[in-house]
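The following pair of complexes shares a single chain, subunit A, combined with subunit B in the former and subunit C in the latter.
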Partner chain A sequence: MEDLRLAWRNVWRHPRRTLLTILAISFAALLLVFMLSLQLGSYREMIDAAVRLGTGHLQVQAPGFFAEPEMRLTVDRPDAVVILLRATPGVTGVSCRSQSFALAASAHRTRGILVEGVDPAHEPEISAVDRQIRAGRYLEPDDRQRAVIGGLLADRLRVAPGDELTLLGQGRDGSVAAGVVEIVGIFRSGVDDYDRAALHMPLVTFDEVFAMGGRVHRVVAAVDRLGAVAELKAALAAGDTLAGLAVRDWTELLPGVKQSIQLDLVSGFITYGVLLVVVAFSILNTFLMAIFERTREFGVLMAIGTPTRRLVRLVLLESAFMSWLGVIAGTAAGAALTVYFSHAGIGMGGAADLLRQYGMEGRIYPWLNGISLTVGPVLVLFITVVTALVPAWRVTRLRPVDALRAH
Partner chain B sequence: MYFRFAWRNLWRNPRRTGVILTAIFVGVASMIFLGAVSRGSMTGMVDNAIGDLTGHLQVRHPEYRGDPALDHRIDDPLPVLELLAEILPSTARIAPRLRVDAVVSTARKTAGVVLVGIDPGAERGSSFIAAAPLEGEYLRGDDNNGILVGSALMGTLGIRRGSKVVLMSQGADGELASMAFRIRGVYHADLAATEKRCVFVPLAAARRLLGVERAVTEVAVTLPGTTFESDLPARLARQLNGSLVDVGLTAAPWRELLPAMSAYLGMFDFFLLIWYLVVFVAMGFGIANTVLMAVFERMREFGLLRALGMRPRRIFFMVLGETLLLLVLGLAAGNLAGGAGVVLLNRTGLDLSAFARGAEMWGMTRIVWPRIALSDLLLANGTVLVLGVLTGVYPALKAAQFTPVETMRRT
Partner chain C sequence: MTDMETAPGPMVAVVGVSKIYRQGKLEVRALDELSLTVAAGEFIALAGPSGSGKTTLLNIIGGLDLPDAGRVVVDGHDYAVMSGGDLADLRLRRIGFVFQSYNLIPVLSAAENVAYVLRLQGVEPAETRRRVHAMLADVGLAGLEHRRPAELSGGQQQRVAVARALVSGPAIVLADEPTANLDSVNGEKLLQLMARMNAERRATFIFSTHERMVMDYAHRLVRLKDGRVTAP
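Presenting the complex of A and B:
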């Protein structure tokens, strides 16, 4: 207790120097809290955006479908799968989807397109297409022979809501699949590749045109918490209902998203590492000076019988005061800054156009959570403790006689 | 004189000077090195995009951009080619292409693709395709029915080299045209998306399929050795547009062809500056503290100098000189180490294969070659020098303000 008081007083013997040191430490903590929150926020947005395009967090498919999406690889009794998924805690939405390639001909143009059969009643639970309608409306549950298409595709086919489109493809059984649909709406997901190719039609119509016989290609589920996906997947795969089917989560379905997050995390931590080293050297001088200018003082203390152990503790306590003050202040400021921006968002200016190609919004919202709040400060604390060991080690090497002679 | 004073003062406490020099050194080295890595990765990203059938600039029908259909073609590219030959530097590569959406089908499967009719010789040095790793043979101009297919698409279609595929597209007359092709080669591209999307046939075969005579949809120009910072493409495009107006065509530089990427590049320098500022702040606290300590230790000395008649101005510049010297030393060492790191890394390149799918998602190359741009060097050094000197102003002012009496009183 006495040592605590002593250390506290020693810390404030040079208020200006102490303050600058604390500022350096809190700057590092603030920056790390904010940057990590920013990274996590952008990952969340990136995953959400990719998942919103209809991938979902989890999918049940026929085993070979993921490697080679063939018409004949189907989930044969989708209703049972849907019931199981709906009964699983944590699942917030379930919808079935089928897909095929087809030639689409309008009055003016012919193009190859991606036809997706969706369940209009449940599709909004797993994707955002119904909220991205730019003209007309989205599909409704009793729609038949109707479709919505991507904005760029509509431009290429030169069609508008009300126009008809003739589809020509191959059915599940290899037969010729042909149908006519009326376009009721046009969507813009922002992802050009998707908007240039995709058409949504009711699953019922898809079933008829492509002779699916009640089968679907994918049962897509959305969950309430990203962290729960792996657990859910394991639980589902272990059950009997899905025997003979494959359960895939978003990390498998969207390997690019997962790996680009990893890449960004790795490069982020390299940057933080460098920054921490710079900060460590920045504050090392303060910690060291606290020893050198007090060599005589330590000599006296030793000469009157203070054990080295106690001096080491004193020195460590002093640097610990500065570290903790800095980390606490920095973390608090970082959290405040993050909370502010997590409401206001950060405009990405010119980068917004690029982000939109991945379905992301033009603004990024930092995400303050347990991880982003603690990882940075812990790293800063760690590096300051390591730095503080240098002067502490020097104290152990002091000899009273030499120390008394110093000035 | 200032310099000798500053130099000697700096080394009165070698340990302290060494510690703060290390902070500056690590900071500056990382600015240079990480800056070069990110500029290198941007360069790879842009080169990728330009090699992916974009080119540094393109001549097209003005409507083609909004509606890339055969309707908006260049019926006779000859005048364009002559104009380009006249205006462009002799090293420029000129590639005429006929690009339309098409459907490729085999007995079992069908996929939507982009059909690119190319002059096989002209693509050399132009787009990625001539240099892409290839199983089988590259196209020959006189080949009637040869086609190059991406390796990822082969998987989707479930076929082998040598198989036949049928290409279908809307011809110039508006009717659906189709023709059989034989797979001569399977190419590998940096991005799987490209492999899935593009198939290549000789220009003449594409013209025959679509029922046009000499038409192309674009003439792409590649300017070897042009980095993404250069405004040469934009200048040439402006120059070309003056003459192209007469034939009803337009030239666009890649920055217009790839607006999202070029907007992102516009922010790159800004991101870099933020990174420089952050590193500087981290070392700035240390610099301020160290110089302040040095000043307060020598209070009596400054008092003595004042008592001997030295002007405050000179004391101010003497102390500022010490900071400046500290910065210059740290910068020199940091630049050297950062540069050395870049040279070393450039032997092998930075291999991102472990994150290949992630890198691909953003159009980055699997191997990043760090690149130091002069502007980055100037920006990094300028930031540290200017802000560093500003940081040194406060301690220098303090030193200049000590009065002899005040300093004598304190020990």
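Presenting the complex of A and C:
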């Protein structure tokens, strides 16, 4: 108690200096909370946008389909898989998909395209394509021989809603797959590569054209929480219903997204590291000043019998007071700032176009969560504690007689 | 160190102590095979010009510095066999210090400065309050307990320093030119106070000075010159 009181009063000997030090620590904590929330928010948007293209958070596929997506590698009894997934807590949407490559011929041009068979009744549960229609409409449950296509593909084929496309490909059984579909809508997902190649047709039509015989290539599921995906995947994979099938999550299905997040995290942490080093030197200066100018006082305390360990504790307590005050204030301010912008969003200006390339909106919404709220402040606290060890170590090296001679 | 009982024999025995300070190639012999014995309850002054070794001798007797040669035994404790921690514990329990420039902790009040030593010793809070109150009253500072050093005059600060040195009932009090920063009136008051404390509490007082008035108060005057005792 005595040490606490003495440390607290020592901290406020030079209020302006102490406040500046606390502000530096606060600023670091604030910045880390906000920046990490911003990063995590952008990752969430990025993942969300990517899975909304139809990848979903989880997929059930035939083994080997992911490495080599061949027509013959199918989920043979998709209904049972759909029932299981729908009954799984945390799963918010399930839909089936099939896919193939085909030649698409309009009245003007022919192109190789990606044909995706989707279930119009359930597709909106796992993707956002129905909300990205720019002309016409999306597929409806009763549609047959109809399709929607990406905007860039429509430009290339020079087609518009109402036009027809002739498709020519290979069926699951090796037969020639051919059909004619009417274009009812054009979508723009924001991902150029996808918009340049994709066509959605009803799963029923796909089944007929490509001779799937009721089979599908993928059963896609969306879940309510990103953090629950791994747990759900493990639980599903352990069950009997999916025996002989593979369960894959978004990290496997979208390795590029995962890698860009990892890369961005690394560069982010390098930046944070530099920030922390700058803050560390700033507060080290303050801590050392506080020791140097009180060297004689430490000598007096030693002379009257204060053990060195008590002096070390005093120095550490003083730095702990400043560190905790700074970290608490900074974390609170950072959280408040993050909460505000998590509702208001941050306009990305010129970068909005780039974001749209990833299917994201033109604004980023920081995501305050347990990680973004604690990692930064804990790092700041750690660095200040480590920094405080330097003056504490200097105190252990003091000899009473030398300290008493200091001015 | 576990035995803090007052040992029989002299309170301070300094035998053949030398201390050399080195600054680069320059060597200054601050103490030169100096010997001195101080009995319990003595009130003695170390006198001599600047550089004669007064402060060095006080530092060595107080365990703040160690001699390069010779032996120091204080209150029955031989410094040669004591660690830094043992010396700190001895200072805490058996030795009081009064410094020339008061050296109070500026962020603590007068009472807190005096209480600090008792708290280090682990004395109960109620007992600490009682003893601090009595001690400050004894040195004439009743009513000023809650003032911080900056709110006290030099003489009052030095009285707080004396109270801090005496509150735990030390066997010996070492004072390095305690009146040097005081005017003659306050200096004399402080000497009277220290003499009274010596008489009432039977604490041994050793103080350094080069002031005539201070020497007059001492029961014994030890003159130093060039690190040696010239007149016991």
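FYI, the second predicted complex is superposed on the first by the 407 of 407 C-alpha atoms of A that agree within 3 Å, B and C clash if a C-alpha of one lies under 4 Å from a C-alpha of the other, contacts with A are read in each partner's own complex, and residues count from 1 in each chain.
We take it that contacts are C-beta pairs under 8 Å (C-beta built on N, C-alpha and C of every residue); 3 or more make two chains touch, one makes a residue touch a chain.
Note that the structure is a prediction, hence the values are computed from the model and not measured.
A.B. asks: In the superposed arrangement, does A:296 touch subunit B (first), subunit C (second), both or neither?
C.D. replies: The second partner, subunit C, only.
A.B. asks: Under the stated touch criterion, name the partner, subunit B or subunit C, that contacts more residues in subunit A.
C.D. replies: Comparing subunit B with subunit C, the partner touching more subunit A residues is B.
A.B. asks: When the two structures are overlaid on chain A, which partner does A:109 contact: first (subunit B), second (subunit C), both, or neither?
C.D. replies: first
A.B. asks: Would you sort A:244 into first (subunit B), second (subunit C), both or neither based on which partner it touches?
C.D. replies: Touch partners of A:244: none, neither subunit B nor subunit C.
A.B. asks: State whether A:10 touches subunit B only (first), subunit C only (second), both chains, or neither.
C.D. replies: Touch partner of A:10: subunit C, not subunit B.
A.B. asks: Considering only the touch criterion stated at the top, classify A:270 as touching first (subunit B), second (subunit C), both, or neither.
C.D. replies: The first partner, subunit B, only.
A.B. asks: A:2 contacts which: subunit B (first), subunit C (second), both, neither?
C.D. replies: It touches subunit C, and subunit B stays clear.
A.B. asks: Between subunit B and subunit C, whom does A:227 touch in the aligned arrangement: first, second, both, or neither?
C.D. replies: neither
A.B. asks: Look at A:305 in the shared chain and tell me whether it touches subunit B only, subunit C only, both, or neither; answer first, second, both or neither.
C.D. replies: second
A.B. asks: Take the contacts of subunit A with subunit B and those with subunit C, and give the residues found in both.
C.D. replies: None.
A.B. asks: Quick one: in the complex, what on subunit A touches subunit B?
C.D. replies: It comes out as residues 16-17, 20-21, 23-24, 27-28, 31, 68, 70, 101, 103, 108-114, 155-156, 169-170, 193, 197, 255-264, 266, 270-271, 274-275, 277-279, 281-286, 288-289, 293, 348-354, 356-358.
A.B. asks: Which residues of subunit C touch subunit A in their complex?
C.D. replies: By the definition above, subunit C touches subunit A via 59, 62, 64-65, 84-85, 88-93, 95-97, 99, 103, 105-108, 116-117, 119-120, 164-165.
A.B. asks: Taking the complex as given, what residues does subunit B use to touch subunit A?
C.D. replies: It comes out as residues 15-16, 19-20, 22-23, 26-27, 30, 34, 66-69, 101-103, 109-113, 155-156, 158, 168, 170, 174, 176, 193, 259-261, 263-267, 275, 278-279, 281-283, 285-290, 292-293, 297, 352, 355-362.
A.B. asks: Using the touch rule from the top, collect the residues of subunit A that touch subunit C in their complex.
C.D. replies: Result: residues 2, 6, 9-10, 13, 296-297, 300-308, 310, 399-401, 404 of subunit A touch subunit C.
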